[in-house]
Amino acid sequence: MAISKDILNVLESIVGPRYISADPVICESYRSGPGGYENGTGYERVMTTIPGCVIMPRTTEEVQKIVKVCYRNNVPYVPYSTGFYGPRSHPHVEDALLIDMKRMNDFSIDDKHFFIDVQSGVIYSPIQQECLEHGAYVVIGGGGAQASAIANLLGDGWSPLSHRIGMPHRRILGTEVVLPDGELLKTGSLATGDDPFWGECPGPDLRGILRGYTGVRGCLGIVTRMAIKTLPFQPEPLVPKGITPNTALALPEKRVKWINYVVPNKEAQEKAMFEIAKAEVGGAVTKVPLFWRAIAKAEDKEHFWEMWNKENEQTVHNFFIVRVLLIGFTSEEQMEYDERVLGDIMKELGGEARATKPSDESWIKNADSAGMWIMCGDYMSVDYVSESLSQAVKHGSTYAQLKKKYTPPLMPDYGDPGWFQSFECGHQGYSEFLVYWDHDDDTNKVDQFYLDSSKMNIEHGYYTALIGPHQPMYLTGPKYGPNYHIYMLKIKDEFDPKWMSHPPVPLAHDVFVERAPWMHNMKDWESPDDLPK
Amino acid sequence: MAKKLKVRYYRPKADVALDINDIQNFVYDMSRCIKCKGCMWVDHTYMPGATTGFLTKCPSANMYEYDAYNGAGKMRIAHAMAEGVLDWNEKALEIVYACTLCGACDTGCKRNLDLEVELTLEAMRVKAVKDGVGPMPAHKKVVENILKKNNCFGAPHKSRNEWLPKGITPAKKADVVYYVGCNAAYVNKEIAQSTVKIFKAAGTEFMLLPDEKCCGNIVFSVGMIDEATAIAKKNVAEMRKTGAKTLITACAEGYRMWKVDYPKLLNISTEELGFKVLHITEYADEMIKSGKLKMKKDFDSRVVYHDACSLSRLSEPWTPWKGKRGWMGCVEPRLKRRRGTNGVYAQPRDILKAIPGVNLVELPRTRENAYCCGAGRGAREAFPEFAEFNANHRLDEIKAVGAETLVTACPMCKSNFSKAVKENGDDVQVMDITEVICASIKG
Amino acid sequence: MDVKAKLSKVVGSKNVSDDPAQLTAYSSDFSYMPSGMPNFIVKPADSEEVSGVIKFCSENSIPVVPVSSKVHFYGATIPKQGGVILDLSRMDKIFEIDVDNRRVRFEAGVTWEKMTKELAKKGFRAIMPLTPPAERSVLTDFLEREEPTNQVYDYGEPLQGMEIVWPTGEIFRIGSASANGYPNSMSKGTNPMGPGLDFFRFFQCAQGTMGVVTWTNLKIETIPRMDKVLFAPLEDLDYGINFLYRILPRRIGQEVLLLNNTDLAAIVADKDNWDEDFERLQATLPPWTLILVVSGLVLRPEEKIAYEENFLKHVIDHEFPNLQLGENLPGFPGLRKKMFSVLRNPWPADIPFWKNNVRGACQSLFFHTRPELASSFTATVEEIAAQYGYPIAEIGMYMQPIEHNRAMRAEFNFFYDPSDPEETAMINALYVELAKKLLADGAVFTRPYGDLAPIVYEKAAGYAAALKRLKKVFDPNNIMNPGNLCF
């Protein structure tokens, strides 16, 4: 049912006429796809639609008022910071109100106490620039420098820099959350005062409802403000250089340096990561899939395929690089120490340092995810796992086997076991599988592969990030916890009994499986009759 | 319950061409926009700090704020229209025309991908005209002026050369044609006068077109492609008739028309024009470096240079292309895309650095990330508040670096900034680069 | 209904007691909180038994008070409404020490003594708070967010995947321990996040009110190959804190902390001659001592120490010329060895806990703050203590820098004679007034034990309201340790 004129008038009185629109052309621009992250899939086509109205608040108070109006009047709403995340962050029901938070771009930095205080519309690259000017840095998540820092901290928030900096949920300090019924929750030190510097809450920590493994897409509340930890960096400037499309940061060579080590085989590659982690050196340690190198070198899509078509299973499997970022946090002497330690490790393993550009094209400031789409036009991370380094190095081969079944339509990657790296100095490890396809081809198989990977993870006991709202909760729920879905849905029912906040998340993928005929024969689990249709 | 959407697939292996006459040529591009908003954000590598307020490079998105106004939004709207599932309305016209086609979106997107954003936006304007809804009423007035009186202002055509200063007479025939353009001829005459003084100082003989007419920038930019093609044909023919080897202009938009859009309209390459097209800065830079122009006099000032869009990221030569798009969207034959890499960025800066006393500082948003002044390609005519808003926004940046002099390379930029400076009472002098050069070569 | 019989069916009759003498032992702890008697003590052997007990109690609205060790300071394990003490001390297994992933998995009843010994055998250590009592539960200390003295790890928060029992009795695994078939799965339990939501956060500082954590995974670190303990005497706390602002962001050191003369004296006084030695030390130690341990790790340890020391020397020479940082605290030979042992080992069970040694008991007031505010909070504490007649010179103070000195945990220790009811009452009143004043001035209390709880939750009323909604979801019958926090 379209949002009534009366309600629109009330909403307009909150933000002013300039910042609310139900114009069909404006609303069309907020469509999720057909391109973008996880777009070009059946999920996107079946589950998303354009909003019935778009509103752009400026403050937490305005968001609260908007949510209260929606809640009272049964208007479903969806919070939106940049819209980059794809279909799961776009309206799933007709006539929803899309709350576009791009005007919420307040920012402040406390360089002495290493945190920033931001609203939802602030993205990473200007944050990183401020941090670098103040002796600090942040992790820019794999989603890229164009992601909202708050949204990314709630949903993903890791990169090769997580080798040292660690998991994102610990970087969340004082936070303001507008709960689904419009009540305001302040966490951390904001619960008892105005200074957001501290993240832990009085007693049990309600940051627990903010994200989980990879977020809940705003279905349990809208975070409007968050103080986020920054980490101390080193004092020399990183200078932008070059002209599009080849821009990069020139690194101060005695304080920041990438080194690519070529090692003889997979075992050495894995052992290198364990050893580097144990030695507690380096700012980032990662293995790079071969096709990332091709993307970096390619002048255009055709050039990429010209290079990639020359590769095969052998070349892919014989490509063993360990890429390390050294940061001289303490001094030049410390960085030299780190490099000598790396040298010791590599000597043991037969690794050799290759000439590496003294610049950063990605990860420190640009975190260039947009290039991921150049090959095929569509991309998503169909599985990622933040667990142990032991799991990370094994997950790949199991996964690559399953992927062969679905190639094509997936891009031929010759069994590349993906990206894996050390997190938290080896206390955790990370593996991620990126899949690519052209949505002119059979996207049904892409949807099926996505679900099949969930079953693979269950069978092998891998702790995939893609549970929660990413996959059918009634499939994964009984297998993790067990029954995490029951507790999660209880919390949802308690805080949003009307299911007005981004319906039908977190059950959106369950609904997708019901609606999409090509998914029906994959359904071999029970779900309740009263699942939202 | 969500409506089932019509399946929207690009038809594989279709013929495709970089031809803005048909929006269907860009359906692949529109359908592959990933909403990263690289069209809007300054290149992340160069991104200034969050406290600066200078984070975006799209004047439309900056002013109107809804996603509809940035490249990603426009691509989605255009896609829906191309598919026939969305109709024109007043808002759609504003979205399409409150835009300077500055190319920041195109360059930003092409940093990572191969999508033709600028051409899509041009094709949308052509579609607006073909669908009978465009251009804007204010544009129609300007176009009428051009078609009837050969200039944007509706001024008498015979007064076009009255700007010529005493003591300078163009040759009857020369290797160099100075193309003045409507703005320099009628409004910013100081630019034309400075330009010819530069020619004189460097000892370059120049001629004017026997009957110079408007380049048709507005006609083309608002989507009136048939009329623009007719203008292109006539102007190119006239230029070829002179036998001159080089056309030099001091107007960035005129430069872009001659170098890029005339070939586009005539379906030839820039090279096939048969003459070189240079901006005065390219020419002057060469003259300085070869010693023919000497920068003698001091110009003591803290100076910023504003990159004009048409001179910088939109200025790479044009090559027509058609072919097929196949597996994974790959095109054949191979196509070298225009990404704004080889725009005229260095020459104006080298000129300014060669002038004694100039303290040249860079703006946070510079080169391919430069923030458009807000005036060009019909925007100012139809949306004067948009031009004002964006000039003021850019001036905030200029004032933030403590600039005393703002140097531009396009009369549209100059007049838009000058107006804003005057209205604000800002303590910034706005000069065209030709004026700055002249100030240094005198004496 | 014969409750004892029902409980015996779950854990065996040997492991259920209602003997008054035994019940009394659980009715009080080291805090001044009033005593409260339980009705039963139950000692389960494993998670299944824990589940059975809780399920029964939930169905019959019987309060459950989880207790994991013998050592309690905050009154959290004193039953407020009777019920069953769920004593987890039998659950003291260390399941595995995973050398590759530097992780240990262990039950709630594992003590610091056991943990430290077993890890050391494999060359590992757990990051410790200051002087954890040997018989205290390691899991509980991490769950209750005792601040470690080692702050060099950017990733912080050592807890990983765990197993819990909900207040309705279901066994549930959190984080990557929730994977199908764990521990016989590809997952090692290293990730605490999810599944679905960050359930593990609900158990932090929950004082057992959200359920029982039966076992957990924990990050462990390699024991450094070389260590140097450095000391700097300080007259001025701010001078030391400014020095920490300068050096800690440069990732210097392992353990780092500031202790005033009273606390340091109580910690290092000779156990065989405690009273005299304490008095002497208290009188002669500098007002504050900065303790900083620099260490060499797995590879090239001496080089790591060298670059850190070079950096420290450079900073001190150019910016902090009055700081005397050295391997000895002048006038206190033997302190280095003693302090190092204190920092890397739990407090031995056979030595009275230092906080209780001064006057018999201690009420600790601790909170988080920006480091630059530590001395102004100290001034407030001293001012109000003086109003209550508490000698300023007797207050123990401990400042723990946190993560690059972004924050600080300030702790003030008030020693008192617990057998003196007047003194106890005075301490109680002093504590409450201090808490209110400091809270109003911006101190952040995240561990609202006892009297602190109503004070904090009144200020955090919005937060408390949300917390109660969460509690309702998981513990609809309010059986888990009722009367604590805001429940």
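Letters A, B and C mark the chains as written, and numbering starts fresh at 1 in each.
Methods note: a contact is a pair of C-beta atoms (placed from the backbone, for glycine too) under 8 Å apart; a residue touches a chain by one contact, two chains touch by 3 or more.
Worth saying up front: this structure is predicted, and the values here are computed from it rather than measured.
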Exercise for the section: Kindly indicate the chain pair that has more C-beta pairs in contact than all others. Expected result: A-C
Fill in the blank from the handout: Min distance from chain CA centroid to global CA centroid: chain A
Practice task
Express in whole angstrom the distance between the two chain centres, defined as the mean CA positions of chain B and chain C.
Solution key: 65
Completion exercise
Cα centre of chain A to Cα centre of chain B, whole Å, reads 37
Exercise for the section: Take the average of all CA coordinates in chain A, do the same for chain C, and state the distance between these two points in whole angstrom. Expected result: 33
Handout entry: Multi-partner residues of chain B (at least 2 other chains)
Key = none
Problem - Touching residues (chain side chain A, partner chain B) in the complex - result: 19, 21, 23-26, 28-37, 39, 45-49, 54, 56, 82-84, 92-94, 100, 102-103, 105, 107-109, 118, 122-130, 133, 144-146, 240, 242-249, 300-302, 305, 365-371, 373-378, 411, 438-440, 533
Exercise for the section: Can you check the complex and tell me which residues of chain A touch chain C? Expected result: 112-115, 135, 164-167, 169-170, 179, 183-189, 191-195, 197-198, 200-214, 216, 229, 231-232, 274, 278-280, 329-331, 333-334, 337, 340-341, 344-345, 386-391, 394-395, 423-429, 458-463, 465, 467-468, 473, 476-477, 479-485, 487-488, 490-491, 494-495, 506
Fill in the blank from the handout: The answer for chain B against chain A in the complex is residues 1-5, 7-12, 28, 31-38, 41-52, 55, 65-68, 72-74, 76-77, 79-80, 86-87, 89, 91-92, 95, 107-108, 110-114, 327-332, 334-335, 337, 339-341, 345, 367-368
Completion exercise
Touching chain A in the complex, chain C uses residues 98, 100-103, 145, 153-157, 160, 166, 170, 172-173, 175-176, 178-182, 184-188, 190-191, 193-207, 209-210, 219, 222, 245, 249-252, 297-300, 303-304, 306-308, 310-311, 368, 370, 372, 403-404, 406-407, 439, 442, 444-448, 453, 456-457, 459-460, 462-467, 469-470, 472-474, 485-486
